[in-house]
Amino acid sequence: MINKIVQSMADAMAGIQDGSVVLIGGFGAVGQPNALVDGLIEQGARDLTVAVNNAGVGRVGLARLMDLGRVRRVICSFPRSSDPVVFESLYRAGKIELELVPQGTLAERMHAAGAGIPAFFTKTAAGTLLAAGKEIREFEGETYVMEKALHGDVALVEAWQADRWGNLTYKQSGRNFNPVMAMASRLTIVQSQHMVELGDIPPENVHTPGIFVDRVLHVPYGDPSGF
Amino acid sequence: MSATASTTEFRALTRPQMAARLARDIPEGWYVNLGIGIPTQVADHVPLDREVIFHSENGVLGMGPAPAEDKIEPWLINAGKQYVTLRKGGSYVHHADSFAMIRGGHLDLCVLGGFQVAENGDLANWATSENDMAPAVGGAMDLAAGAKRLWVLMDHTTKDGTPKIVHRCSYPLTAVGTTRRVYTNLATLDITERGFVVLDMAPGLTFENLQARTDAPLHR
Amino acid sequence: MINKIVQSMADAMAGIQDGSVVLIGGFGAVGQPNALVDGLIEQGARDLTVAVNNAGVGRVGLARLMDLGRVRRVICSFPRSSDPVVFESLYRAGKIELELVPQGTLAERMHAAGAGIPAFFTKTAAGTLLAAGKEIREFEGETYVMEKALHGDVALVEAWQADRWGNLTYKQSGRNFNPVMAMASRLTIVQSQHMVELGDIPPENVHTPGIFVDRVLHVPYGDPSGF
Amino acid sequence: MSATASTTEFRALTRPQMAARLARDIPEGWYVNLGIGIPTQVADHVPLDREVIFHSENGVLGMGPAPAEDKIEPWLINAGKQYVTLRKGGSYVHHADSFAMIRGGHLDLCVLGGFQVAENGDLANWATSENDMAPAVGGAMDLAAGAKRLWVLMDHTTKDGTPKIVHRCSYPLTAVGTTRRVYTNLATLDITERGFVVLDMAPGLTFENLQARTDAPLHR
């Protein structure tokens, strides 16, 4: 019997290596796998590259992971937040690298990784500083930038429902980056609010099919906290 | 911006007035993304019976007004991380699908704030040399490059009076040549092959007075 | 009030130009917009390029459109079918052009068109005849082919449910090419088995958001016929 | 293929036996796409309590066995246009998402039929020079290039005895160097850096006899 459900955070985090590229879902406080980020802090992997939309709030979660010196590099579109104190101070001190990526390019680079596309062209950022050093090319008289797939070694994902095959649904705007991160990573670890039986999610309405999911941990934490 | 620093009598538009002015030009049926800041206010000035479908980068299509305090749904936010509602007929998608709507040219309109808009249509709205924080771009470059129409909603000058409507942008660009129209507290300007063309001005403002606050030639 | 529902086939087909690129959904007999294809035959546009998975069965629908000499070029992955008599005879007589595209490349080229990507790289077809004349490039030691976006002037789509904003669902394997064709086209015309009220489709389970749809015609024809 | 034309006594595998032989090697939990033709039969030989998740290019993940005549669902077909069922836990996606599973390397295994397999792993299975119909490729190139493992299931020779296991393919290629293993009616062969390595043979067949029916050197 296929059973992707794990019973402990230690099982969920098993085998994450130093130097991994970790994709972390969520947008604002919604759809963030907070428990898994805490689990990663506990697990101990270091020298991480983290791809995520925002670079952490306050001193908890991702900000704490950075504060502990475990993150070498952040790939994100919006390193600011309501309280970006940890990232800002590390960045000013030259202790963390930043790869700034337009938000849509960030999402599409992960989609490309999941779909077997090593590189693609986009209009976004053409003629701007964020195209510096990238290949530029014209198609039908318009200028495009070549962007490369962004693969994760690990994705940390938050879902609303999950079953033992790893099929997932998301609630409202909690979907955001989670599905493309699940597609883009070799090891996709999910925390889910609800565990359901196989077949409870109607087959037409599975948001992430289990083929993109490796481990599921039940974390019924309730609503997202404020920002 | 108020008119107190001005040498003539005119009334600059307030922010709600600026948002309302722009909202007037959005027809029913358009798919529209409103950037963070003043642009977000535009939605408040589109009457609910004029069906305009608002999109948010984080995968929300068909946003409605902000919820009452006791009706907040904690899983439903917009790209500015504010609580919003969803209208009947709205839907949720993931981030790549949401940006496919933007980048694939499916939005009729995107409204962004700006630091500078140039007469060649260039927009600068994400980074300034004065800013020593880590740079942040969000979805601005995707929106500015991808939507069918880009309108910018911003003050006509900085607080110290420096023009934001310019011949060429000095700040780092967000997108090249895509701005079609600018709504400021002083005027509405179309960007054409001739450069800026004035569509209307704040009550009491003269063309010469507007030109004096602008760093690019204006046309009537 | 937004209302994408049209009341007649003539309204559904209005404005389709000679020389159009027409994307036609369906895989096997499932999810095929048969009524719209008949509407297109009636409407009269000619010199068409049709992108579709199969090149028609028997002498009805798409096969009839080709038989009438209205199709200049077919872009497809599998021109055969249980009864490909019309296409085969036109093809042998040199009266129709064929652009043969691997099925996944065909789908991804439409997805790219919908997502603002003019070109992308794929491993599929590298080193084969179907890469002839295409740009080849290595990424991380592997060989890839550059493929270009495939835009439609018109998409003909079959849905299970539709509302007045053009939100769609599909039934079981009736989804197939329909969603990517809807994304990829300037004018997307849908025939839907069922019309529902706005809000009847749960917002998490809309398969094609109305932003990709222009016109909806109610065609409650029932189950797909055999093959 | 039967052994009647053979000079020695051996029993070539029947098609059900070939499918069963391959099915034995698929472990629980794999995501597997079975090509049209003999490969489709493999599913019949995987016991239902060994959970293997079958994928079909037309957006079906988690296919079950063919339905009873009175249980046919007319909207549920596989890539071979046969009626199928969906297991609990199955799901439907659109064609681009379905091929993202294939092309993005998410399938553990793809099983295809073949015209020729070469010792360098090349597969030819979509076009032959003898065929004067319009060429058709379907999803074969995507599957052969994209899956984590490509196994080919085919007869060892053509009906007239021409070897299909070859030094180099003479027919147009489907994919370059991706075949890992071949299951034929005469043998199971791994493709390694040394070339073809025989894992097992049909009952009564000798290595020399197998080599005589093969156009590439075999290794033990």
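Chains here go by letter, A, B, C and D, matching the order in which they are written, and residues are numbered from 1 within each.
Just so it is clear, contacts are C-beta pairs under 8 Å (C-beta built on N, C-alpha and C of every residue); 3 or more make two chains touch, one makes a residue touch a chain.
Keep in mind the model is a prediction, meaning the values are calculated, not measured.
Counting C-beta pairs in contact across A-D and across C-D shows that the higher total falls to C-D. Centroids built from CA atoms put subunit D at 36 Å from subunit A. One simple way to say how far apart two chains are is to compare their mean CA positions; for subunit B and subunit D this gives 56 Å.
For this pair, subunit C with subunit D, the centres built from the Cα atoms lie 29 Å apart. Per-chain CA centroids place subunit A at a distance of 33 Å from subunit C. Shared contact sites, meaning residues of subunit B that touch two or more other chains, fall at 86, 92-93, 96, 99-100, 102-103, 146. Residue positions of subunit A with contacts to 2 or more other chains are 108, 111, 115-117, 122-124, 170-172, 175, 203-204, 207.
Contacting chain pairs in the structure are A-B, A-C, A-D, B-C, C-D. Those residues of subunit D whose C-beta lies close enough to touch subunit A in the complex are 28-29, 31, 49, 51, 53, 55, 61-62, 86, 88-93, 96, 99-107, 146.
Across the interface of their complex, subunit A is touched by residues 56-60, 73-79, 81, 86, 92-96, 98-100, 102-103, 127, 132-142, 145-146, 172-176 of subunit B. Remark: subunit C residues 1-2, 111, 113-117, 163-165, 167, 183, 198-199, 201, 203-204, 206, 209-212 touch subunit B in the complex.
Taken in their complex, subunit A has these residues touching subunit C: 108, 112, 115-124, 139-140, 142, 144, 148, 169-172, 175, 202-205, 207.
Within the complex, the subunit A residues that touch subunit B are 27-31, 55, 77-80, 82, 84, 87-88, 91-92, 98, 100-105, 107-108, 110-111, 122-130, 143, 170-180, 207, 223-224, 227.
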